[in-house]
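After this come two complexes, each holding subunit A, first together with subunit B and then together with subunit C.
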Partner chain A sequence: MASTAEYKKPKKVNYKKQKQLNRSKAGNGLLFFLMFICGIFMALPLVMIVNNALKPLDEIFQYPPKVFVKNPTSENFTDLFVLMNDSWVPFSRYILNTIIITASGTVGHVIVASFAAYPLAKHNFPGKKIIFGLVVLSMMFSYTVTQIPNYMIITWLGLNNTYLALILPAWQYGMGLYLMKQFMEQIPDSLLESSRLDGASEFKTFWTMVMPNVKPAWLTLAIFQFQQMWGQTGNQFLRSEELKPLQYSLQQITQGGTARAGAAAAVSFIIAAIPIIFFLICQSNVIETMTTSGMKD
Partner chain B sequence: MNKKKKMTLATKRAIVGLLFLSPWIIGFLAFYVRSLIMSIQFSLNTVNIDTANGGYTLTFNGIKNFIYAFAEHGSFSQTLVLSLQDILIDVPLIVFFSLFMAMLMNKKFRGRTLVRAIFFLPVIMNSEAIISAIDVIRDLMMGGLSATSGAMSDAASSGVNMDYYIALFGELALPDSLLNYIVGAVGRINDIISASGVQIVIFIAALQSIPSSLYEVAKIEGATGYETFWKVTFPMVMPHIITNIVYTVVDSFVNSDIVTMAYETAFLQQNWGLSAAMSLITTVIVCLILGVVCGFIQKRTFYYN
Partner chain C sequence: MAKNTVANITENNTDANMEKAKMQGRLWFRIKKSKTSYLMLAPYLILFTFFTIAPVLVSMGFSFTYFNMLEAPTFVGWKNYIKLFLDDDIFMIALKNTLLFAVITGPASYLLCVLFAWIINEFKGKLRAFLTLIFYAPSICGQAYLVWNIILNPGKTGWLNGILIKWGFIDEPILWMQTEKYVLPVLVIVQLWLSLGTGFLSFIAGLQTVDKSLYEAAAMDGVKNRWQELWYVTLPSMKPQLMFGAVMQITQSFAVADISIQLAGNPSVNYAGATVTTHLLDYGTTRFEMGYASAIATVLFLLMVGTNKLVQKILGRVGE
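And now, the complex of A and B:
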């Protein structure tokens, strides 16, 4: 008995040591310090936005500017709501427009891109390389330059001044397809083969085997696409006031200049807050997948 | 008989694959291929806006636009070279920085999601309304002392005396080109950090799709952290390094001076043909570079299968 007790002791110590074998405390501290510095760079605009949204007007105009608010108020938000109540179209309409555009643009793109990425990653058919080459090429063509052809195509298709003018092109962004393809390529073929052998249809294989395994990828894609769609002002395509998204109305408010500085600060807070919340939700789900999807080959 | 059956299975699979692709292809043909073709068409013609009837007229002039861009346009070639140079400098820095950050943020610690969100902020801030709101506020803050604000912001931006450090490192007899690269990198640190938000998220997703059994094996075999990185992590994220290179190139290309120039040529000088030619030239060059780089990496890429 005594010998086992003796035997146990060094093992415990060893185990503890091993846990820290790869990184010293100093190393951890250094890494933390590095991340902290980089983090400050990144967080500064957000800190400024949050603080500005809470600053009373006289503090916004203060020079030299102070980062942190002294007497926080909510009057910027009340100002904003007063402004919104005066707007031509009821404000809830802008919100509804944004929800429609953002939700269908994001969901549609994730589905269409995943559908398209699956055969490009895991099937063989003629013309595969050409299609993939075109995808990359389309990403290179910057939006600013193809504005005119884009506008004409939308008009020819009769989509001008509808939600679809923003939603449909968003489904075919090249980047999403590219991202999904790269991730699907890493799924072992044997996994798909076994599912096919068990008699699953191609769609079922896709839906129950491929998609859960690339959950981090499509959640990431959803984050980008949400961000893209959320930022759409629809200036080129939407003429009717009652179709315009929230970004547009908020942009109008911020362009009001000095008189609306408080409201502008509140606006920037709202615009920044919602994608951040969406990001947080998606990212915490990404972490969950890591524990649930144990891919064994 | 057997052979025939095999053929049908292969064709069947190809058809199913095409079915999966079809929603994407239809939209792609409608929205993107057509605008590509129209841009090529524009670049080979002189485009005149027909104010009387609406629409536009095209006059074919061959490759004159391309020749003009290179031979006669004042700053096109120069801007092109500078933009490409910028892209080539930034891409490796951004990719490695974001890989590094992603690995740090993939570790378990309290408030991890929040830290990730902070690093994703620049992407979120990159929205028109936020930019204009920040501009308004900054203008207001500067407006109070408009006479001196210019001088003050100059002083603020050069808080670090770069020349001093360049001279200091110059004494160490480092090669000049390396030194310039490092100094350039330090000068761009803010740009690099703020341009790597998306790349970090892609790498995080990549790191999370690495089977944990591989790490377990590495640990059992007694690999150190360094070895685990080079033998497990790095090969497994290799395909996504390509993804990130592509994304970074596209992203920095879309925001580069040359695209701004093409945009201004089109919308300020209303020379649509020349603008289309310019963007075609840059697109082809960037695609070539990307092809070479990716081909080079792809050969060394390890795929899980």
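And now, the complex of A and C:
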């Protein structure tokens, strides 16, 4: 860690002028070109999902498949809404379930993991290395074979067929703790020390000093976790129809065979669109952190 | 003489014991003093014990049993491991593929993540968020593989075949995923295309935390271009993120299975696309031999742990 002196309040920096440092025009041009070429390839799935959702049925079944839609239509979405109205339980119930599972899974994980990451990054106590090592190593064990013991434990705890069966395991994913810990490590000790000297408890230091300083980290973690929770179908643990999440019911709709190909395309669009919106909200805030406040003042 | 030595040993022993007692006292003292730390860790650790440690230990236990998921597991000792290494030819192919795959895509994906995160960091404002989305798109769109099914379509209408025929490289369309020699290279390319995921986003966030005044100082110290700036300032400032990215990369490169199953099928042609994890899935979800699958998982785990040790050592040298 760098010394205190390096982290004095930075002087007002003229960002426009600073951007010119060590940047050549030719280099900029080269990077633009590279990003453009690669960007086309990377954007393909996005472009396809959007276009498919707008294709009328005959274009969806067209062979060879075309990427771009010729006669855009919204009938896939109207088809989907008709199917939604036919569902066993009111569709709003699925949406509510998803909101409960995704929101508590994401927020809870960010809080629990950050809480645990702070002492691992900044305190010194017996067992610290072992605990952190276990968390990192645990990510390397295949999920497939732990599913059965996991199921046994969840049943044993009486969590089967409750939201908690999906939410509680999500709070302890190793990746989140690891990510938060790595970012918190970079916070200068002097900053925390000054907070402690002011008489703040560790909990207060955590909320007022640590978390605001690692905003890019927890926003990024929220993106990962949201994606993870949004994708949960709950097939393993949720038996009651009225507990099942949106993802499950949408997948049921797409499994109705070729007649539902249009609705299925609309489903793919919705399944991708929600995490993307969340992604953009978080990601633009990651950037805001940089432009509005110096990270390390 | 002998007496002396004995006396010495006992003396040393009491010394050591006292030392130990002191240490324990100090340890207990330190534990008591760290109450806040443990309190903050507690919620996580309790959940972690129930939902990760216990399942992993149980799985490792299963690896010494025959367990078909219907009857209770029966203890078979090292039999699964012996069969795995001496009797299972497909596992050897899978292991070879996985190692080859990890050695190629691991470092390459990792470098791509660093490179693109850094380039995107050169852009500002809305354009930046947009570019991040575009490059993260394959990881966020559920059915990203579909694109590759169209590109690699074995008929003349497949994009790749179409282009190659048009430009005169080939006369007949190639059955990409049904031809043994193409399977692994294609999977490597698709994996690279998919590689801008977890590590990439964490680098993007990590770049935000680099102290901007360091760049000014570096420019004064004679850093001449953006490449030098990257190596001497940016990368060393984000070492924690680089470590994180490396671990994520290892877990992804060694556990690759999805793209192989989606594009080449499971089993693939002559097991050309078999990886340790597809093999594991084959036993765990198709054949219901959980004991054997757990043994595969344990071997894979040890493989990753070893690689991780090595990689962390290499990363320690960044910026030197």
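As a working rule, the second predicted complex is superposed on the first by the 266 of 297 C-alpha atoms of A that agree within 3 Å, B and C clash if a C-alpha of one lies under 4 Å from a C-alpha of the other, contacts with A are read in each partner's own complex, and residues count from 1 in each chain.
FYI, contacts are C-beta pairs under 8 Å (C-beta built on N, C-alpha and C of every residue); 3 or more make two chains touch, one makes a residue touch a chain.
Remember, it's a predicted structure, so these values are computed and weren't measured experimentally.
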Do subunit B and subunit C fit side by side on subunit A after the overlay, or clash? clash
Can A:D189 be said to touch subunit B (first), subunit C (second), both, or neither? first
Which partner does A:L31 contact after superposing on A: first (subunit B), second (subunit C), both, neither? both
Would you sort A:F91 into first (subunit B), second (subunit C), both or neither based on which partner it touches? neither
After lining up the shared chain so the two structures overlap, which partner does A:F132 touch, if you call subunit B first and subunit C second: first, second, both or neither? neither
In the superposed arrangement, which partner chain does A:A261 touch: subunit B (first), subunit C (second), both, or neither? first
Taking the two structures together, which residues of subunit A meet both subunit B and subunit C? 21-23, 31, 35, 38-39, 41-43, 45-46, 48-49, 63-65, 112-113, 115-116, 118-120, 123-126, 131, 134-142, 144-146, 148-150, 152-153, 157, 168-169, 171-172, 174-175, 177-179, 182-183, 185-186, 202, 206, 214, 216-217, 219-220, 223-224, 227, 231, 268, 271-272, 275-276, 279-280, 283-284, 286-287, 289-290, 294-296
Per the touch rule above, subunit A residues touching subunit B in the complex are 21-23, 31, 35, 38-39, 41-43, 45-46, 48-49, 52, 60-65, 112-113, 115-116, 118-120, 123-126, 131, 134-150, 152-153, 157, 168-169, 171-172, 174-175, 177-179, 182-183, 185-189, 202, 206, 213-214, 216-217, 219-220, 223-224, 227, 230-231, 233, 247, 250-251, 254-255, 257-258, 260-261, 264-265, 267-268, 271-272, 275-276, 279-280, 283-284, 286-287, 289-290, 294-297
Within the complex, which stretch of subunit A touches subunit C? 6-7, 10-11, 13, 18, 21-24, 27-28, 31, 34-35, 38-39, 41-46, 48-49, 63-65, 112-113, 115-116, 118-120, 123-126, 128, 131, 134-142, 144-146, 148-150, 152-153, 157, 168-169, 171-172, 174-175, 177-179, 182-183, 185-186, 201-203, 206, 214, 216-217, 219-220, 223-224, 227, 231, 268, 271-272, 275-276, 279-280, 283-284, 286-287, 289-290, 294-296
Going by the contact rule at the top, pick out the subunit B residues touching subunit A in the complex. 10, 13-14, 16-18, 20-21, 23-25, 27-28, 30-36, 38-39, 42, 101, 104-105, 112-130, 132-134, 136-137, 140-145, 189-190, 193-194, 197-198, 201-202, 204-206, 208-209, 211-213, 224-225, 236, 239-240, 242-243, 246-247, 250, 253-254, 259-260, 262-263, 266, 272, 275-276, 279, 283, 286-287, 290, 303-305
Contact footprint of subunit A on subunit C as seen in their complex: 27, 30-31, 33-34, 36-38, 40-41, 43-45, 47-48, 50-56, 58-59, 62, 69, 116, 119-120, 122, 125-126, 128-129, 131-138, 140-144, 146-147, 150, 153, 155, 157-158, 193, 196, 198, 201-202, 204-206, 208-216, 219, 223-226, 228-229, 240-241, 243-244, 247-248, 250-251, 254-255, 277, 280-281, 284-285, 290, 293-294, 296-297, 300-301, 304-305, 308
